[in-house]
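Presented sequentially are two complexes of subunit A, the first with subunit B as partner and the second with subunit C.
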Partner chain A sequence: MRFLNWLAAYGPSYGSGLGWTALIALWASVGAIVWGSVLLLIRLSGRRWVNLAVEGYVQLFRNTPVLLSIYLIYFGFPLIGVVWPAVICGGLALVLQNGAYISEILRGGVKAIDLVQFDAAKSLGLSGWGTFRKVVLPQVLVYALPSLGNQVILLVKDTSLLSAISVAELTMNAKLLTEQTGAAYEAFVVVAVLYLLLVVVLELAARSALRAVRWRPRYDAL
Partner chain B sequence: MITIQGLRKCFPNGLEVLRGIDLAIGDGEVVSLIGRSGSGKTTLLRCINFLEEYDAGEIRLDGTPLWYRAATGGARTRMPEPAIRALRQQMGIVFQQFNLFPHMTALENVCLGPSFAHKRPEAEVKALAQQLLERVGLGGKMRSYPYQLSGGEQQRVAIARALAMRPKVLLLDEITSALDPELVGEVLEVIRSLVLERMMMVIVTHELRFAREISHRIAYLSRGQITEIGPPGELLDNPQDSTLKEFLRRMP
Partner chain C sequence: MLRLLLQGAFYTLVLAVAGIAGGTTLGLLLTPLGFLRARPLRAFYHVFIFFTRGTPLLVLALLIFYGLPAMNFSQGPYVAGTIVLTIYSSAFFAEVFRGGVLAIQRTHLESGRSLGLAPLAFLRRIIAPLALRYALPPYVNVCVMMVKASSILSIISVWELTLAAREIIERTLLVFTALGIAAGLYFIMCFGVDRLGRRVERHLMRRGFVGERV
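After this line comes the complex of A and B, so read on.
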């Protein structure tokens, strides 16, 4: 009963936190998928030293906590004269980290593409970029969809780390409410439920996206 | 017309697959390539449109040297990539395994080449593609994806896709070998109609009866060399080369 009263009083104040979380999750996941695709393209284009650089980048971000990148960007950028809002800095850290993971995921997807398709693309006079855009990427994004969905879910949960640099997203929202009302338990249970809902929605979206794919690979990889 | 002179190709593992190929194919001419498995037929076809690099020799299309440029000191360099692409667009190739793009409909498969290469208006490209698909008997299946098509239908889409580039020559590599016997006829029918249109073609095939019917000349490839070439009647009925005799004796 006490909880319901609390919810009635403070529930609506989660609105803006939820909005921020959704917004950050959206731009960061789109950004991470685009960045992951760019990294994939660089890796496929096969210049040796460039590949090594990308490899190093991926390993670096895979093996360091994302909170560290958030701090480094938020506190580090002003030192080189770049002052960006916390939302942008935090989101950028998420893009850089998840882009690294996503490029790995997509690289796995490329292996599912029948090599003979590259011959076909060449024989039609497609350029490397044309082949990537028309042949590789559309297939890889589908092959990798389940893993991409998982990665985006991880990203959504990681948006809560932006509370560390005072971005007004859900977790920060709860922290503030705790301070205002002293009801730590209530404040954080509501947030947990909201994250859960977000993830469920994503899960359903990923599944229906996969169902909406109308083609099938020659070897049943889907 | 295509002229091939002294073509040599060695795979990195040291295997010399083509050991001096000389061959000229005239406009409107159909040349079939026959030979044992591993004799280098596929490799020769792939060298012609540069899906495979080669070590020596020259290939010309209507007199223009293809793929390599002479550099100083008798060396040669690859042509720049855009030039290679432009030349490839003048040749069509159809593979044994169809190699359609699984994520595109029949129509999209056929449109891809021309819309990318010629930068023509989408509507024009689409009209051409529709016309070609109708021509190979697939007017009703334009919106089907490859997985929804039989092998014979996929192979006809592949032929339409190659034709969409309006190629000067069509290279066909055992295009019926992966098909169930009852589907072979519909594909060969399309090839017959292309012969009537005087399309220049190089056809690798194991179907000697078909080769006899449609080829102007048949070339027998043995261990990387064309050891015998001539009109079907002569080559098939009165072979000179001893390995060719043996090869023909073993064919059904």
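After this line comes the complex of A and C, so read on.
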């Protein structure tokens, strides 16, 4: 009952936090996928030292916490004369971190393709772009989509860390409500449920995306 | 400054080890629930996993940080931090162990059963070694994740590496030095855990325990 009263009184005030979380998650995950693809392309076509640099970047971000890169950008950029709002700084940290993971996921997808297929594509007279579009991409999507979906879910959960640099997203919202009202746990239970909802929506979206790209033999083409 | 950061790294390591030990224990207790015939217990298992993995660690941490004192249980930030990491990692560990058991081939289970082993011996001789074989690599991954996740506890004022770095920044404004060294220390710890895991794996593989496909 106490909980329902809480929901009736403060439920609507979660709206803006939810909006910010969704917005940050959206731009950061699009950015991370783009950045991850760029890293992959550099790695696939690169020379040795470029490869090493990308590899070093990926290892560095895989073995340090996101919170550290968030602080580095938020506190560090003003010192070198770049003053950006906290949302951008935090989002950029999420992009850099998750881009490293996503490039590895995509690389795994590309590596899973049998090398013979590239010879086959060549013998069919496909150009570089044609090979990518008709041979590589459809398979990479099927291999990589489940992990990609998981990574985006992790990213959404990591947006909560932006509350540490006072971005007014969901977690910050709950923290403020707790401090204003003195309620012990109600604020965070509501937030936890909202995050779970976001996760469920993303999981369903990933599942239907996988259904859409899954390759089926087209017998009519034979 | 380096001394302060090294001290912070030590606390991070202690927290991570405590969280991993607690999480492994709780995870081992949870895993069987996922295989029981009784539906309520299985449902409890899945609901617990869903809730713990679906909410951000920070939300769980704040919930416990503000919630424990309300239940008249306040033992300071380190106990709260360890509880947070234990609960959070137990969900991941339980799923890792469950995945290990699920990866066991049917034929192995059937041949084990046909030997007429008692349930406990069956668990000890067949299921545990085979599941360990499959679960070890993801187990190490979760351990690395926990070292990184412990940084989040700095937000609920658990003093460890990240909070040490923040304090130094607030006092000296040496952002790049402090965070650079902290990142280096995290890197060493995570990489160390990863390497250690691989060595254990190799060691067990030599003894014919883990690794090669059967």
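To be clear about the criterion, the second predicted complex is superposed on the first by the 195 of 222 C-alpha atoms of A that agree within 3 Å, B and C clash if a C-alpha of one lies under 4 Å from a C-alpha of the other, contacts with A are read in each partner's own complex, and residues count from 1 in each chain.
As a working rule, a residue touches a chain if its C-beta (ideal position, glycine included) is under 8 Å from a C-beta of that chain, and two chains touch if they have at least 3 such contacts.
Please read all numbers here as calculations on a predicted model, not as lab measurements.
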On the A-aligned overlay, A:G125 touches which partner chain: subunit B = first, subunit C = second, or both, or neither?
first
*Does subunit B (first) or subunit C (second) touch A:K111, or do both, or does neither?*
neither
Quick check for you: in the superposed arrangement, does A:R47 touch first (subunit B), second (subunit C), both or neither? neither
Between subunit B and subunit C, more residues of subunit A are touched by C
- Task: Scan A:R207 for contacts with subunit B and subunit C and give back first, second, both or neither.
- Result: neither
Query - subunit B versus subunit C as contact partner of A:L161, first or second or both or neither - result: second
(Q) After the superposition on A, what does A:A184 contact: first (subunit B), second (subunit C), both or neither? (A) second
Per the touch rule above, subunit B residues touching subunit A in the complex are 49, 51, 81-82, 85-86, 88-89, 91-93, 95, 97, 99-104, 112-113, 116-117, 145-147, 161-162, 165
Within the complex, subunit A is touched by subunit C residues 50-51, 54-60, 62-63, 66-67, 69-70, 144, 148-149, 151-152, 154-155, 162, 165-166, 169, 173, 175-176, 179, 182-183, 186-187, 190-191, 194
Subunit A residues touching subunit C in their complex are 59-60, 62-68, 71-72, 75-76, 79, 157-161, 163-164, 171, 174-175, 178, 184-185, 188-189, 191-192, 195-196, 199-200
So, in the complex, the side of subunit A touching subunit B is made of residues 114, 116-117, 119-120, 122-127, 130, 134-135, 138-139, 142, 214-218
